[in-house]
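In what follows, chain A forms one complex with chain B and a second complex with chain C.
And then the complex of A and B:
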């Protein structure tokens, strides 16, 4: 019998997923992120933080974007998990109260996060680096 | 207890004491379902929401609770959050919104 232990593993490349811009996809992507993070040795508490970051990225892109789909990538490097999201936008008001709430949560959970508006696309990067703030 | 409504990750019951009991995830998909349950039940009495079985909440779900609190305050009443777990507590703390609610018990 082989004893398998979780290890802190980086991935050789990003996990890239395109989903419809549908609120129901939030849970799907949280589950996907949980699986990737678990595979790479993140703890249960760390995975809970990653799930929050994924959810907030999707809130920003789905509720405030105008695209039919959202592109999400998970990038795992030694000691960090990055959530990247991209969708088409027409108007993207960073000071909208709902988006401010979202950014407040991202700022608390993530080590770094950025929201860029480029060529009618909103691009969000949310980086969680060990030690995670609350995990 | 009567099951009121649900989606794949959220179920809402009405307890015998009238509390709206939420099970599962209050997220972008679940928030509107919760709001649809809460609105017709909003009257002159406080709105009691039991969160003992909530496993996940994000800022979108929190907005549903905050909107209910704003409507309650406008009617001269309040929203009571019962059995608040660490997930909800943390989000209330991060966003500085705990004072919008009366908290009736916390769970570990």
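And then the complex of A and C:
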């Protein structure tokens, strides 16, 4: 029998979700991320860290973006969980104080993170790699 | 607002002595009547959270009744100091059971304490953070139910103010009592502040960063951070002292 709870399972492709640019979507994304992470064998402490990163990515893109929706992807590879967020922007100040706070939070829970402006799209990548920082 | 006087304290001490001997219902009612101000005070402190004041007062009075029934004067604690955590605990339970910051399925609310307990237990047994399916097997529920309960923790962070609460002690002085009550109110009032001010207060008073460290983090001057902290605290103090119209 296949063990669906095998630890450290990678996914063959990303899980992609498009949500309205609404902070209330945070809970939906957090639950989805926790479901994916659980399926791939991450522990409850690791899942809590992943959910913090997911919330931070979504909220930052909603606060600073101009799009009606945010595209979020979860990529699971051996021992790592990556959150990718993307939304349209008109003007985007990479040095905005609130973005610095976003960076502080992501630096706290993620192994690596980047915030970029590419072709009028703001993109945030947050990578959590084992051993997780705070888990 | 009525405050406890020395004469009240003497009357209460004698009344509880007589109540222990006689279990007289009329005397019990009289004690509740005379100490009702404790319930009013507790309910007032929660009145800014959007719940009808009458409902809060009713809940607070239930807490007061429990405190009167359980109070043991031989322990040597002042009744007000004993009753306050019981009243606040009753109010906290009310908010836990009846109000949530976001809609959370009933099942998740019910399972939340069990999942937290199982997580702690399994963490000790396994020597590592457990996986979701291990908690699910332990509780004989589905993985999804565990995940929902975990998310419910984020939707509502409650902590016990009961005398038996882990890591908490019964306040024995008026100052300690006021400190607990004020902390509860401030938690509710913080939501009124703009996100930036809230974050600054968090960094200053929870992360205990200096003003200059905060200034560096949010990209502004130390003087500006100092002003924002002062104005935020003034705003909180002002809200704390707001009279409750319905009381």
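In this section, the second predicted complex is superposed on the first by the 129 of 135 C-alpha atoms of A that agree within 3 Å, B and C clash if a C-alpha of one lies under 4 Å from a C-alpha of the other, contacts with A are read in each partner's own complex, and residues count from 1 in each chain.
In this section, a residue touches a chain if its C-beta (ideal position, glycine included) is under 8 Å from a C-beta of that chain, and two chains touch if they have at least 3 such contacts.
These figures come from a predicted structure and were not determined experimentally.
**Q** Clash or fit: what happens to chain B and chain C when chain A is overlaid?
**A** Result for chain B and chain C: clash.
**Q** Contact-wise, after the overlay, does A:95 reach chain B, chain C, both or neither (first, second, both, neither)?
**A** In the superposed model, A:95 contacts chain C only, not chain B.
**Q** Which partner does A:44 contact after superposing on A: first (chain B), second (chain C), both, neither?
**A** So A:44 only meets chain C here.
**Q** Where does A:19 make contact in the superposed view: on chain B (first), on chain C (second), on both, or on neither?
**A** It touches nothing on chain B or chain C.
**Q** First (chain B), second (chain C), both or neither: which does A:84 touch?
**A** It touches nothing on chain B or chain C.
**Q** Which of the two partners, first being chain B and second being chain C, lies in contact with A:35: first, second, both, or neither?
**A** After superposing on A, A:35 lies in contact with chain C but is clear of chain B.
**Q** With both complexes superposed on chain A, which partner does A:58 reach: first (chain B), second (chain C), both or neither?
**A** After superposing on A, A:58 lies in contact with chain B but is clear of chain C.
**Q** Look at A:104 in the shared chain and tell me whether it touches chain B only, chain C only, both, or neither; answer first, second, both or neither.
**A** both
**Q** Thinking of the overlay built on chain A, is A:27 touched by chain B (first), by chain C (second), by both, or by neither?
**A** Touch partners of A:27: chain B and chain C.
**Q** When the complexes are fitted on the C-alpha atoms of A, one of 8-16, 26-34, 44-52 or 134-142 in chain C overlaps chain B. Which is it?
**A** 44-52
**Q** If I apply the document's touch criterion, which positions on chain A are contacted by chain B in one structure and by chain C in the other?
**A** Overlap of chain B and chain C footprints on chain A: residues 24, 27, 30, 48, 51, 98, 101, 104.
**Q** Contact residues on chain C for chain A in the complex?
**A** Counting only chain C, the residues touching chain A are 102, 119, 128-133, 135, 143-144, 146-148, 150-151, 154-155, 195-196, 199, 217-220.
**Q** Spell out the residues on chain A that touch chain C in their complex, using ranges where they run on.
**A** Touch list, chain A to chain C: 5, 7, 24, 27, 30-31, 34-35, 38, 41-48, 51, 95, 97-98, 100-101, 104, 135.
**Q** For chain B, which residues count as touching chain A in their complex?
**A** Interface residues on chain B, with respect to chain A: 7-9, 25, 27-29, 32, 56, 58-60, 62-63, 87, 90-91, 94-95.
**Q** Can you list the chain A residues touching chain B in their complex?
**A** Touch residues, chain A against chain B: 23-24, 26-27, 30, 48, 51-52, 55-56, 58-59, 62-63, 98, 101-102, 104-105, 108, 134.
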